[in-house]
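Chains: A, B, C, D and E, in written order; residue numbering restarts at 1 for each.
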């Protein structure tokens, strides 16, 4: 994707990736040279179940335009059940954000295994594309954290 | 000098004020009325007896930035927030609200002066309305406040189709001057009947005859050590509702917020009802809710009057009476402590 | 029924089954009854009240009461028992320190609704019949009982007590009296455009003064130290210094009680700004019911809460976007 | 701005040769890092992971009294431990090291220097923000149970078990079927030497059975696994055999006398039948039959009992119950092997409808002297000897659509050459044609083997695919294409052999879930590192042996089995393991005692107790959570279940992650 | 009410008392394992402000926190202010990690002071301190020593847990002990190698020494010590009017407005932190 062609909006995207599958998947995307936009910054967590809704809201508060969480496929969690809990938590949280009128495209969950470098890259490309189409996050922003 | 304006033309009056100054007045938003900046679209609500939040926000906002700091290569810089430098009008206050501002003045204007508050006070013109339909939760009379004649910069009455307007101070007169083309002179006597009416209703209100002598006559430590606190505090949920709707509560906290490139130090309302209010490095001076509950009322009814010539830091607005989730309030405290009228 | 409850409480105090009674104390305005402890038959005789203004849910007080020596008698309305059960489940209350009298309930009244109907200067309210008779300083007024019901009573969960030692004034299996689908308003909001929803919540939440009444009254918010008062997440900002804080506080609060909220409605009842906070909780309840199966918190004390449970086939978070497209 | 000036941070930026330096402006990263509050040292080096690079880290820690280290390099999954080790050598707590992944996540994917540099700076800042909040962690110890479990009793499992046992450790083999031996026991001959499979396998099976350190649980399955590396608790279900292993002499009379003999014989790929009481094959170990209760008349109707009557040893026991054996293990090896894929989606080959279309594995059985045809090559439809045979390669392998597998099954080219050669050798009059996409013969003596098939044995190899196989006048009509001559081929033949793709044993999914070992989209178990840790699963203490990890032939399987064994031996040789200190921790002052954390913990690591706590002067007994750090694996599920934030995860604490979020969004 | 636009930001920036100054740390001395003394001046290298002994100042690291510390240096020092700070929380942890040249913010001075120019003038003085409690008294002691002629006898009784925990030991030994007309009594809680001075708690040492009552006492230390020192002094015949202490730990905003320091009708920030015990006796016991 050609970032340069877009207008000046440069989204900030936070990706929470579980250590065992998705972070490894991102590593594989890297070693396979599968590009995705640099707007995506990955935070490594041990498991998707480590991702607290607080983190997601904090990212938006601090100016993120999109937050994506990646974990092992259901059934493949390194810790057996972590992603099941994460799945429920995120489903409910995203539903609530949507209910409050925050664009649902700003949040996403994807299951990416350590072997799915291609998927990781594809998902990130899609997600960034989506965030570009949504534009800047203004509904969950904190004005104090804006560029002064 | 008494003036009047047709109530139907209040919009014009507001627009005229807003042209020169910021205008705050009771605005209905999502079914609740609070003071807000006037705009053409705002749904002005002068009928609601009292706003949920008192107008103390206008002088002592719930949250205000004091200064920003940033650190660059080991060097700190401090950028203080600007002080209020633009006149504003608070329209639609009540007599109790006006008295509450005096209570706040005693605290914030005492040495060392709080310049943020002082600047706002300096630039503020208070326009208050008489309470034509006081409610059962009102007890301003107990504090010697006359709801029929609010002691603001400008007092107003709504009688018939007209709003009567009378400047009581120089600031008030200056404001009258600004809007004089919208006002027409009127008789002083036009509001007298309404005043009598108001006073007679107030006399009938259930709380109007509370007696506060007990707080002046009893030694402080006797009140402090009373067993009644233990009975009273229990339903208290330790929320801050009473504090935040109270027009005279002025406790605050100073906190830091990490912004993008620095730290914003801001001040925000705090409540002595909160369990961590007195939590400091060495420990907590008031560890039980009873102590915190007692502090709030002792402060309003004993400590404050002790410092300010007998003036209570309660104005009988009744906000806590109607808003406490557990139906506790200062009236119950006064009565329990022996202040029944 | 007030007399009956009072007499029974006196008996239990006298025969030392309980050492204190947690009930409601008569207010001085006829409608402002407060939760209160009674230690003696005399106190009960003097101040005990039970009528349509005893809305306060006493379950949460049992956390503190339960820590004291001896048994506490508590009066619980049918919906209060859900909260009590939920607290039992979370080990916040000791059942053995509690004696529960389940009390019958015909719905509680919302004084703000009475006032909103233009009734001012209230001296007393007679709520015995289908019409409320209100004496005011401005003369006598009337309004239908039904129209002054608290929001939560409009979506009554039923008249059955989930936990009790004895019942007074309540049938074992009285029929529920739901006045409407409690999710109607949620569905209505869901059907709006995101822009409209955003505007709705912005205008509601902007009223929030962060007084914590919702949190402190909520039986599910029973944390000793709330995250918004602690530094665990850097989240003790104390004031809504920015609009974001308003959203953050209420989203997280609703999330923390998701699957634990019994929909008791205390949050909306106590909000001084009349924010319909129950609509946040009900959204979660509705989602949980549709996505993970019907679940009523407080119905029992041993089932797994929806957020501490899962199935392999659970809906994917993407369902939010899919629903959005419909 | 996190101004925590207690910390003294050193930032080390690796060029990774040109891997990073080519698309990230290292100098700018250094400059930006140096400006961050708390950073007192920043330097770069060609290869930070090299000894010289590590030396730089160690020196800086000592000279600048660093309290935290950020290395901007490749993925932490690669070298986090390297740099932790370096820090430790210099006297710094190893958990005061954070890695900013500027290779896999930056330089390798962002070709624009501007973009890459900017992102590298942000990731570096995030790592600095995190390390500022790191706390020194002390790894604990956990004991190692000196016993290993091998799941699967095929050649991979047997070899692994033998190697571990030979090193002196106890090993248990759990095998689902009544006998060990696995797929290899079904094979007739093996490539490229053409020696008899049973001849080389049977001695190994006997060795395993006789080895004093090896316990074999056949007809058994792993039921439950808990615990962690060094001490897994495993429940093994020993299915009721209905025959007492201690009494049975293996005489075989029961199998002969059993009246229920019409049961498809799994061992012979259901090409013939077996009795309800049976041993799968003659050399089975243990040589003790089992009763297939689903097909046994006694179990179905209550009448019969012939086997019991004929058994002189009195070994038949209809009352036998499943038995659960609970055992602790220090390590577990998965050797669950493979099966061929189902061909129901390949209608064009008429496998379902024509008995003369068979799979290669079926051909193995047909060629085997103990097979359904006693080793005679004959058509299953009419028992006639074929005159012509067609082999079709890559049936379901290297498949683009969803019917088959995307991967190459690796062994088919060689065994097809073997089959062709054997047939031409034994039945020179049979014409053999092989349709192939590519012939892949990397391996010692493999290509020579294939060339012999073509050159010496006259096997026809046609590059091309077969589009359809259909019955035609009692024979089979094969429609295919010759891609080299670019012509359509239509030929009649007597038998068609399909080189069916192999896939991991379907049970592996269940086992992987129990072991929390990860699995890829093809159900192959994932290795910890494709190149450097090919026999370890990412889950500590779980090792991979054989085809469960990926397609392999026998020598490769045996080699990997040995490799897995040595890894196990290396683990079991330790008395204690250092435990991961990144575990959950509950702050008793914040804990509500609500048990939410307990309910989501997959390891049962959280327990509750009533304890007196001193909450800023208020002393009271509270129900509070505590974490068993030996059981906790650090997933963090509890931290989110906890509403008050009492539960936090060391090394990935709430405030650390928030600091990263803040730094990234700055 | 976020809409307020009354501050246009044009010029009007009269400094509020809550706006701090920037202080530069010029020297850090390690006194004990958990106490360090910080020397602070303004950016211009000069003293930040003038103060009187017993007054406090708010020291803050933005983003970490702010806290009130008593000024340990004497007003007679014209170069700088000093703060002796015990490590006990997030902010003090952070301060302890700082190095000379680092900057903090300082506002103050706040509160009243020991009445060195009024009530204490001409009096015999007895200073009793425990642990970090010496910090506020050190300011008075040095003030008194610098204006020796204004006061009568000076006696100092100071104790701590161990030898290492005695704050300002160097100054005590090299300056105070050597000043004429000053008697210094040191004690530590438990026997320790290398210590040949007195061993025992401050209150018991106080009774052992047995001071005459013709003096004014200034006490500061942990609450438990104060309690026993007070009863010891009472036994010895002192009156509560003769004893001063400081409640500076109760100060928060520093100006008596935020509400935390309110005890009865008093505000520690305004009416204190220095109180005479007879004044404290009139307050509700919430300090």
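Rule of thumb we're sticking to: a residue touches a chain if its C-beta (ideal position, glycine included) is under 8 Å from a C-beta of that chain, and two chains touch if they have at least 3 such contacts.
From a predicted model like this one, the values you see are computed outputs, not experimental measurements.
Colleague: Hey, which chain ends up farthest from chain B, C-alpha centres compared?
Modeller: The most remote chain is D.
Colleague: Which chain has the mean of its C-alpha atoms lying nearest to the mean of all protein C-alpha atoms shown?
Modeller: Smallest centre-to-centre distance to the global C-alpha mean: chain A.
Colleague: Looking at A-C and A-D, which pair shares more C-beta contacts?
Modeller: Contact tally favours A-D.
Colleague: Roughly how far is chain A from chain E, going centre to centre by Cα mean, in whole Å?
Modeller: That gives a centre separation of 52 Å.
Colleague: If you average the CA atoms of chain D and of chain E, how far apart do the two points sit, in angstrom?
Modeller: Going by mean C-alpha positions, chain D sits 68 Å from chain E.
Colleague: In angstrom, rounded to a whole number, how far apart do the mean CA points of chain B and chain C lie?
Modeller: Centre separation, chain B to chain C: 30 Å.
Colleague: Where the centres are mean C-alpha positions, what is the separation of chain B from chain D, in Å?
Modeller: Comparing mean C-alpha positions, chain D is 71 Å from chain B.
Colleague: Check each residue of chain E and list the ones that touch at least two other chains.
Modeller: Chain E, residues with two or more chain partners: 62-64, 102.
Colleague: Among the residues of chain C, pick out those that touch two or more other chains and give their numbers.
Modeller: Those would be 227, 233-234, 241, 243, 307-309.
Colleague: List, in ascending order, every residue of chain B touching at least 2 other chains.
Modeller: In chain B, the residues touching two or more other chains are 34, 62, 71, 74, 253, 257-258, 260-263, 270.
Colleague: List the residues on chain B that touch chain E in their complex, please.
Modeller: It is residues 22, 24, 34-37, 57-58, 61-62, 66-67, 69, 71, 74-78, 80-88, 107-108, 112-116, 119-120, 123, 220-221, 224, 250-254, 256, 258, 262-263, 265, 267, 270, 272, 277-278, 280-282, 285-286, 291, 295, 298-299, 302-303, 306-307 of chain B that touch chain E.
Colleague: Taking the complex as given, what residues does chain B use to touch chain C?
Modeller: Touching chain C from chain B are residues 29-32, 34, 49, 52-53, 62-63, 133-137, 201, 204-206, 234-235, 237-241, 243-245, 253, 255, 257-258, 266, 268-271, 274-276, 321-323, 325-329, 331-332, 335.
Colleague: Under the stated contact criterion, what part of chain B meets chain A in this complex?
Modeller: On the chain B side, the touching residues are 257, 259-261, 264.
Colleague: Quick one: in the complex, what on chain B touches chain D?
Modeller: Chain B residues touching chain D: 70-71, 73-74, 258, 260-263, 279, 283-284, 287.
Colleague: Chain B touches which residues of chain C in the complex?
Modeller: 27-29, 32-37, 56, 60-61, 111, 120-123, 136-138, 203-204, 206-207, 209-213, 215-217, 229, 234, 236-241, 266, 269-270, 272-275
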